[in-house]
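Listed next: structures, encoded as structure tokens.
Look for chain A in each of the two complexes below; its partner is chain B in the first and chain C in the second.
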Partner chain A sequence: MPIHEQSLIRPENIRTHDELVLDGIDVSGHWSTFIEPRVVTDYNEALEDEIAALPGGENIHRCWQCGSCTNSCTVNAVNPDFNPRYWIYLIRMGMESELLRDRDIIWQCVSCNKCTYACPRDVEPEGVMKATAHWLEKKGHTPKSPSIIFDEIFADQVIARGKIEESSIIRKFLKRTGQPLMQDWLIAMARGLLMKLPVGLMRRMGLAMLFRPRTAGWSKARAALEEYVEECEREQRRALGLGNGKPE
Partner chain B sequence: MTGPVLVVGGGPAGLAAAEALSGVGRNAVLVEKEDRLGGAPILSGYAKLVPTGEWAKDAIGGMAARVEADAAVDVRTGCTVKEFGGEPGAFTATLSDGSTVEAPAAILCTGFTHFDSVNKPEWGFGSFPDVVTTTQVEQMISSGQGVRCPSDGRTPKRVAILLCVGSRDRQIGREWCSKICCTVSANIAMEIREELPDCHVYIYYMDIRTFGLYETSYYWRSQEEFKVKYIKARIAEVTSDGERLIVKGEDTLVKRPITIPFDMVVHAIGMDPNVDNLLLSSIFGVELEPHGNIARQSAYGGMGRTSRPGVFVAGAATGPETIDDSIAQANAAAIAALGAGRAATGPKAARKAA
Partner chain C sequence: MSEERKYERVAYYPGCALEGTGHAYNRSTKAVGKALGLKLDEVKNWNCCGAMEVKNIDPKIQTYLSSRVMSIAANEMGHDVVMAPCNGCYHNLKKAEYDLEHDGKSREVVGRLSEKAGHETYEAGRVETIHALDWIKDGIGEDGLKAKVKNSLQSVKIANYYGCMYTRPRHIFPEKDKGPGSESTSEPHFMDDLLAAAGAENVDFPLKTACCGGAHTLSDSDISTKLVLNILEAAETAGADVIATECPTCHTGLEMHQIRAEKRLGRKTTVKILYFTQLLGIALGLSPRKVGVHENVSDSRGFLKEKGLA
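Right after this comes the complex of A and B.
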């Protein structure tokens, strides 16, 4: 059965059964098409607390929906569907299914913090965006975003060695995000470095790539950092109701 | 010009007027139609008051006790004024107990009447026992019983407070804002969250009018400390699925219809003009303003004057007022009443007379 105003209806709300028999009558396919209502029928009361438990989300309950964040937002200027004000409201009121509809754009925040400076209530919307992206990922609603993957590789290396070595971070990042190592921009950058960097520095960079030095006496600091990160992870998983609180 | 000033109505305003008169050495006759003093906060059993957090029975009960013990105030409870005549400086009032009072001036502190939610049947009051009013919740708290669903005594897990019930509503001829119900609702929401931390409270509003300093201590405190949720929606209907109440409306910020289950729905009822106002208007010969409250003559100077010289008004009798404003107005009216019928003396008056 054709639906005439189909453009007005959310595709996921149109339901059709390929095989359905009602009271002995075959209503398979279009005959059983129905439209699910748009009505919000419940609030998820845990949602605001869950976001608030993640770093950056702490001040979400201060928002009064003025729209200054969305108005000043870099990404919103390009994509009108990117609306921090709106997501903050959905989270505060526990409209989880509405939030999940935008799961694929929330992580696009570029952390420019224009919203943070515009917000009259000190919500720090940039932090809320970050917390929301983490929440989506931790709950398994989105795969890890490239920026989260980058952060992880970066943090892992700092914790392991107390130092970072850029080339290995970039290599790991490209590998984990399934990108070829030979990126045009990377080649151009390497060529630029080769031509312009003083020889002494070049040598040190090359040695660092080969021998991966650590900060002296790092193992104690490393143990403390690891313990702290694990504890934060545990707490976050507990706050999000994710099982035993052990890190993944 | 001597004799007691006639004060009608023994709520916060009337008590304050009587106390102020006594304080400057003037007697007062306080006529109260109910059998005890205190007005709405006592008669309706309010809990903790905005903005001090004191219990009504201590704060307003304390005022009533002071006035009752005051030798300068002649308290007549269970009594009304039947007739009133004379001139400023020399009025005669006939009371319902048959006695008469000679008074130079009168102050009307006759207050307001609570809106009766039965007049908004779509919001379920009277049909579903778990739909209650703010005064009922105040009583649940002040009696020590705690906030419970009247149907079966269970503790609610989710409560909706609907604002502007009986206010700002042309359909029922009430276009005014009752001024205090937003703040009272935020106060009640915090009290519910304090008593029942597992119970979530949602306030459905059209505008939030927690004016002045209440912005921080009620509007934001209720959200930041007590996690009360505010949703911009005027509820269309309250029904029931047989187990819980169903609140229907539109969440205007997401443009989506909502039908949300609740255990308890609270009407933030407004302040109607006193149902006695037409009678009071004819007995005392004072005009009413268009909404039906006793009209004030002037907002600047001559506080509390009505259309009739020598008769003054204070408190919620003039329209929705808070307790502290009612008390301030009563003090102003008491000063005005002391001057009623008196000729000014002093150099300027002497020059004028010459």
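Right after this comes the complex of A and C.
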């Protein structure tokens, strides 16, 4: 069968014959492009439901594969393997092993929301990308991505204090991801700043690092949020069939 | 005209970035407000809106965080307008407004968290969230601005960069795309309009709403550097001297990755990066120091002198 949906098939599963005659008709070249016959035995029929159970994935069932998401995607323009439409297709088909082949790049979505803007079906593909990245991590298919490590450090500080202090988040992030604090470009940036800043401003920034900003009377909000985060975690683990729903 | 006094006094939500890396934006926003006679009451004891990160833990936490800010502005301060200059804060407050209006589960979670945290639950519709662009555009208008310009930006060519969070996704900005006078989500123009009123020449810049990779500026720096380099090089190709920004994350991202692109990819760009409020402040006759030009990483002091603006 000639196919017109090449972006949904792995290149190694596509075969084009330079010369081919079928039933006396010459179908050489473009019209002789075929999908390699293959048998898929490892469907995960629950895959779509699992993604839909995670925040952001709720609307995946609405997709009708128009491709507007991939067409508008910021990351796709940098890396053509980043293909939201394809992943949504795989998830809806339950083709888990195919999805896992791209496990190392799905987290790279930059949340620019061009896909969600373009989507005619309100799938909110940006949310689906985040849900899929979380699913990969929760199921143990990938280690925590740098992105989720950053999100966790950030969210922990907001929940604990009500406000964030940027430099401590950057330092914690570089430490947790094993990167040196002294990056050439960070040094160049800091040097550029220090040469211009008045003493008063430097003192203020130094004080912010020592006495981290916090929202007054935040303790009740903190307790409520911590409780809610645990509740979300339990619900998500239950939805993914992980253990007894207790947090990791 | 009854519209004349619109936005004369609004609740001001600076957000975390404007107390840190985006301090120049905070300083210039306040200075411009003062010069234009627009008053700002800072939201008392505000908290972080959740930025781009907290929603990835759970979106409803972000909805709660943003709702608390709006609740204080409405219930404790009696304001009906909140102005947020940061695209991230602005976006999150808009998103919370939308979710609380349309999603019962969000209302339930926010109600429960607000009660436990001990403050009044925010109800959708109590405040209108606006961006600093709306504040000046609708509060003063181009004619009002023109009348106050002391230092025309006539020799400055500007690429206006709006970023992602100011226009996308469309559904959380019901007031946009309403025809003449309203902001467009596909081709935003409020910043262009204001800077044109201040005398500047806006270049035809195709990447107004492109993404700078701000969400992954540290966690996936190589992609961010490529995205930023696109923006910087496109601005230079369009003939811009300056990229005007309206978001601390975009602004810092452009500055950081301008340096990183030179260090890591050997691609040097010299286009200057300034907050639109800094440019407006200078046009209104304020000194570069008053609008925090010395606090930017990208050094525009020489450029402004050259143009006779400092």
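FYI, the second predicted complex is superposed on the first by the 199 of 248 C-alpha atoms of A that agree within 3 Å, B and C clash if a C-alpha of one lies under 4 Å from a C-alpha of the other, contacts with A are read in each partner's own complex, and residues count from 1 in each chain.
Keep this in mind: a contact is a pair of C-beta atoms (placed from the backbone, for glycine too) under 8 Å apart; a residue touches a chain by one contact, two chains touch by 3 or more.
Keep in mind that what you see is a predicted model, and the values were worked out from it rather than measured.
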Per-residue contact with chain A, leading partner among chain C and chain B: C
Which superposed partner A:His61 touches (first chain B, second chain C, both, neither): first
Which superposed partner A:Thr74 touches (first chain B, second chain C, both, neither): second
Partner chain in contact with A:Val158 - chain B first, chain C second, else both or neither: second
Partner chain(s) touched by A:Asp18 [first = chain B, second = chain C, both, neither]: neither
Contacts of A:Asp42 with chain B and chain C, given as first, second, both or neither: first
Partner chain(s) touched by A:Gly217 [first = chain B, second = chain C, both, neither]: second
Touch list for chain A against partner chain B, complex: 37-43, 45, 48, 61-62, 65, 86, 89-90, 92-93, 95, 98
Chain A partner contacts - residues on chain C that touch it in the complex: 16-17, 19-21, 23, 45-48, 50-61, 64-65, 68, 109, 112-113, 116-118, 164-165, 167-170, 185, 210-211, 213-216, 218-220, 223-224, 226-227, 255-256, 259-260, 263-264, 294-295, 297, 299, 301
Chain A residues within the chain C interface of the complex: 55-56, 74-75, 78-79, 108, 110-114, 116-117, 124, 127, 130, 134, 145-152, 154-155, 158-159, 162-167, 170, 173-174, 177, 184-185, 188-189, 192-193, 196-198, 201, 205, 208, 213, 215-218, 220-221, 223-225, 227-229, 232
Complex interface listing, chain B residues touching chain A: 158, 200, 202, 220, 223-224, 227, 229, 231, 251, 253-254, 256-261
